[in-house]
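We call the chains A, B, C and D, going by the order they appear; numbering starts again at 1 in every chain.
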Amino acid sequence: MLRFLGKRLLQVIPILILVSIFIFLFVHMIPGDPARLVAGEDATIEDVELVRKELGLDKPITEQYVTYMKNLFRGDFGTSLKTNRSVSYEIGERFMPTFWLTVWSMLWAVAAGLLIGVISATKRNKWQDYLGMFGAVSGLSLPSFWLGLMLIQLFAVTLGWLPSGGMDSWKSYILPAFTLGTGVAAVVARFTRSSLMDVLKEDYIRTGRSKGLNERRITWGHGLRNAMIPVVTMTGLQFGFLLGGSVVIESVFSWPGLGKLLIDSVAYRDYPVIQGEMLIFALEFILINLVVDLLYGILNPQIRYE
Amino acid sequence: MEEKVLQVRNLQTHFTSDSGTVKAVDGVSFEVGKGETLGIVGESGSGKSVTSLSIMRLLKDTPGKIAGGEILYEGTDLTTLSEREMRKIRGNDIAMIFQEPMTSLNPVYKIGRQLEESIILHMKASKKAARERSVQMLKAVGISRPEKIVHEFPHQLSGGMRQRVMIAMAMACNPKVLIADEPTTALDVTIQAQILELMKSLTTTTDTAILLITHDLGVVAEMCDRVVVMYGGRAVEESDVVSIFTNPKHPYTQGLLESIPKIGERVDRLQSIPGNVPIPSHMPMGCKFAPRCPHAMDICWEKEPSFDKVTTNHSVRCWLHEEVPQDESDLVGSSER
Amino acid sequence: MVDLKVSNKEAYYQQTLENTPSKTPFAEFWRKFKKQKLAFVSFFFVVFLILMAFIGPFITPYDITEPDYENVLSGPSAKHWAGTDAYGRDIFSRVLAGTQISLYVGLTSVLLGAIGGTFLGIVAGYYGKRIDSLIMRMCDVLLAFPGILLAIGIIAILGPGLGNVIIAVAIFSVPMFARIVRSSTLAVKSTLYIEATKSIGTRPKRIIWKHIFPGTVSSIIVYFTMRIGSAILTAASLSFLGLGAQPPSPEWGAMLSGGRDYLNIAPHVTIFPGIAIFVTVLAFNLLGDGLRDALDPKIKE
Amino acid sequence: MNQTLLEVQNVKKYFPMPSRLFSRKKEFVKAVDGVSFTVNRGETLSIVGESGCGKSTTGRMIMKLLDITEGKVIFEGQDITDMTDDQIRPLRKEFQMVFQDPYASLNPRLTIKEILEEPLIVHNFNKDNRSQRVTELLETVGLSRYHADRYPHEFSGGQRQRIGIARALAVNPKLIIADEPVSALDVSIQSQVLNLMKDLQEEYGLTYVFIAHDLSVVEHISDRVGVMYLGRLVELASRDALFGKPLHPYTKALLSAVPIPDPTVKRERIILKGDIPSPANPPSGCTFHTRCPFAQETCKLKVPEFREIESNHYVACHFAEELEEN
């Protein structure tokens, strides 16, 4: 297990370095002169050169990268062009709302997805299965922003039960978390079904039946426990879709999170913020997958007892 | 004659798919007595494994269904039991071990837990008693350090060890019948010898009847008291083991015995049965073996022979050993049309 | 199944040979595919969509850009089947015209991604070793940016617009295809028949084209179909966020975005483009599911 | 003409184990650890052993499907050990392989015709004669030309193995390495394929290296037999010598473990204790000492030499002579 964990950690390091280089180069990939961009359209040539010096853009690119990395480790992500506040402040303020939104979305999506998946797998080719799987493929095909708008129209505007946006109370979480989680619930349901169906074909399931165990014990005890191993890995990858999806959903529900900040920054061409956000999202995603791998190791005794 | 624990009478198991119904098992009958070992031999598609799954009523994951016949366990017809009643029989009265020891144990649970599961279920034992029984069973199947093995996962054991665990698991609740479906096919020869030896010693100490399903005639000769030979879903011959090997009546059994190379017997060329193992969807109407039979007669293509006793101790399904009924002798002529 | 009525060996073997007409893999696929009813219907719907993409813009009942200020935000009626938008433009016409945009974006972006990804995947899987780790690390980096974020990042560099959306979606499809193709390449490469052909002395080029690539095609087709659905969704999302197609383009996501301010008074402005997106994506997903079940049920998403 | 067709000199195959974290020491699975034998023209040499003994790996090294870690493979006087793929390609006409699993060794997406044509294309056979050659091959192995346009899944196991044999025969090889060619087949089909292989050997003067675990099949088909255990040959002799007077305790146990299909024969059998050790961590000295009923102190310490005890009868056992006397 320790070996497994160590190996995974070692694999993450080169990816982190490559990701940081990628993001560092990000600003350099923008067509045009970054210094002019930062200085603004109507800055004089002197101003632009001043900005260039300030940002260190006159130095060789490797040195710029080293400086950039040093700053990163000190938590210095640069300064927002729009608000003139530090990027880490901007991001720090928005991080938690997005974090909680994704966590709640994930929780309900996994719970619902697992339930639907297990029911579909055990009631194979019966109406429960058809209903569950048609629901899942529909969930996969729904444009989330449209679903969000429709839910607002129904629950906030027409019925007035829930707030249409913002983040004021626990009620505010319901609609965005539901919307954001729909796609993931669909994927989890489909994957759980196929994984469990594969497991139920295994020889050890037949062994269980030949021992006289009942179907409930077979499905939940022997089947699901094994089926969960691939489901966990896949769920980790779904976090990516949640983080990405949050950008859209936050825009629909005026959620004060990272996603909305990102869209505003893209509109304003606030590159330091975009750069910082990309880094944070990538870091979070990599970390989550590391945790998922750990969970995978715990669930799979072949890795745990190596 | 001693009491029969398991009697199978005219078993029919059919598989339904969208292209029709296939009679995977069609008219198989046999009996097993206390402490007796009955071998069911056959090649792929002969229906021998389906027969064993039918007895256990484990056809759930297949498109198969028992379509007729009786399976009498100590007088009760298993085909009429509810699923709940059947669960009480499985693992308790009739236990089973399978071909693939590598995949027949659940990879995520420890050996101990998998053994205790059925002991707790059937013997209503406490956890502690079940653990003791597990360790005792592991010791009985020749595993040294059983106290340690109960804490290990299947992937930490070798194939031979896993098959021992499977046997321990099957024998834990003192079943009256043990169905062993190709128990040594996946194992190496020296390990196979160990497992066969173990099974032999278990039957002598426990009086359990064994239904041994295999394709290996060597294993049959070594282990069994009686033998059923299956071909194309039918039982074609049944007798005591010595008669089958020394005086086979059915051309298929004869061909099979002649086609296997035997250690110590040098022949330049092996006899062989021509043709292919039959495909269930392309069975000839009469005797299923007719296309490969060196003695095939017209009647063999017309009508399937019945499974009849030729001596008190020997049954065979073949026209060579049957009087052609008078009134149906027309049929023989009619085939010339 | 009827037992064969034959009277001798020759007749029996003749019958068994005749009763099993040679099944080409395609015939086998078609037989299984036809059984997937939803997928079969979806297949025809997708064909219909493609047809609409070609002729849709020519058969719209109304001009799709000309404002009609006398009919602003009117609900569905016999005259305007799906009502009109804030400029009085006929929504049905615009949705019809938008088919072309969505399919074009979906198909081209995924096609570009599939070509790049398949090439990289086969190279990585077949040659292995350092070229494999190089390609896979590159993919890991791209995939480290979750979901749509990579596309947003690329658009932040290239600027908003539909063409850039295609590039962005294509780039972010490449590593996904590369991974899938690599894993099925590895699966095929480890089969005994590849070893058999190697033992004959077959050259790597022939092995790749004659054995490996055909072996990966089914997973490519399935994934390709599924990706089109999600590419259409991504493109619509980006347009909704104002990063893709710009008004007055009848792109469905952009139409939706334009309608959200009138959600209270004229919900039909958002409802219809949304349904269009949903049904289109659903059709591709169902088709993908059916293809998977008919081609190779073992393929995972 | 030289008697010897193939010479295998002390070949080894070490597979690297996944390296441990923070460990410099590379560990290896010694799948084959020093195997030597020669194969004469027209004979059948069998290599028997249980799973993990390295018999298949040896076959694949001869075929150059695996790199050879150490040692030499000499085919018709040419050292093929270090040849590149391009150098060896023309030579591949001379030695071909038949695989164990007839279901997996044929590409399911190709017709039988395409499968049989492949070796002809690779070795630049005349294009016009190809389909004629395919028909010829099908008939040689007992199939008909009507089978050419069908796909592998339409055939039974025995028929597929015939196709596998036809593919190997396509380029008129001298040597065929058959890796468990009948072990996946039904009993009644095994004898058909074995007879076919014997017929072909006579007709085309083929040489076989027959890799198998089934001793009764091996006795039937071989001229000489080598027994492998944990990556090494433990005994090599003519068939009659090996089956008549086995000298290595492992060979003896192996022979006695085979169930005999005759219920009237009762015999004393040697049951080996324990499992086959892992080749990743083989026992010291004689690798068989952990299971050998006659093991002594020396066996744990010293690797026995593979020596010729009687003419053309090689054994790797310290006490072969003493055991023979008892």
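What we mean here is this: a contact is a pair of C-beta atoms (placed from the backbone, for glycine too) under 8 Å apart; a residue touches a chain by one contact, two chains touch by 3 or more.
Quick caveat: nothing in here was measured; it's all calculated off a predicted structure.
Least step count on the touch graph, chain A to chain B: 1. Common neighbours of chain B and chain C (chains touching each): A, D.
The chain pair with more C-beta contacts between its two chains, of B-D and C-D, is B-D. Chain centres were defined as the mean of their Cα atoms; on that basis the chain farthest from chain D turns out to be A.
Inter-chain centre distance (chain B to chain D, centres taken as mean C-alpha positions): 32 Å. Centroids of chain C and chain D (each the mean of its C-alpha atoms) stand 48 Å apart. With centres taken as mean Cα positions, chain C sits 23 Å from chain A. Rounded to a whole number, the gap between the C-alpha centres of chain A and chain D is 53 angstrom. Shared interface positions of chain C, defined as residues touching 2 or more other chains, are 20.
Looking at chain D, one finds that none of its residues touch two or more other chains. In chain B, the residues that reach two or more other chains under the touch definition are 279.
The part of chain B that touches chain D in the complex is made up of residues 43-44, 158, 160-161, 188-194, 196-197, 215-222, 224, 241-242, 245-246, 255-257, 259-264, 266-267, 269-274, 276-277, 279, 292.
Contacts from chain C toward chain B in the complex involve residues 1-9, 12-13, 15-16, 19-20.
On the chain B side of its complex with chain C, the touching residues are 19-22, 275, 279-285, 290-291, 296, 298, 301-302, 335.
The residues of chain B lying in touch with chain A in their complex are 56, 58, 60-61, 87-92, 95-96, 98, 100, 103-109, 117-118, 121-122, 153, 155-156, 166, 169.
Touching chain C in their complex are the following residues of chain D: 60, 63, 65, 88-90, 92-93, 96-97, 99-101, 104-110, 118-119, 121-123, 146, 149-151, 153-154, 164, 167, 171.
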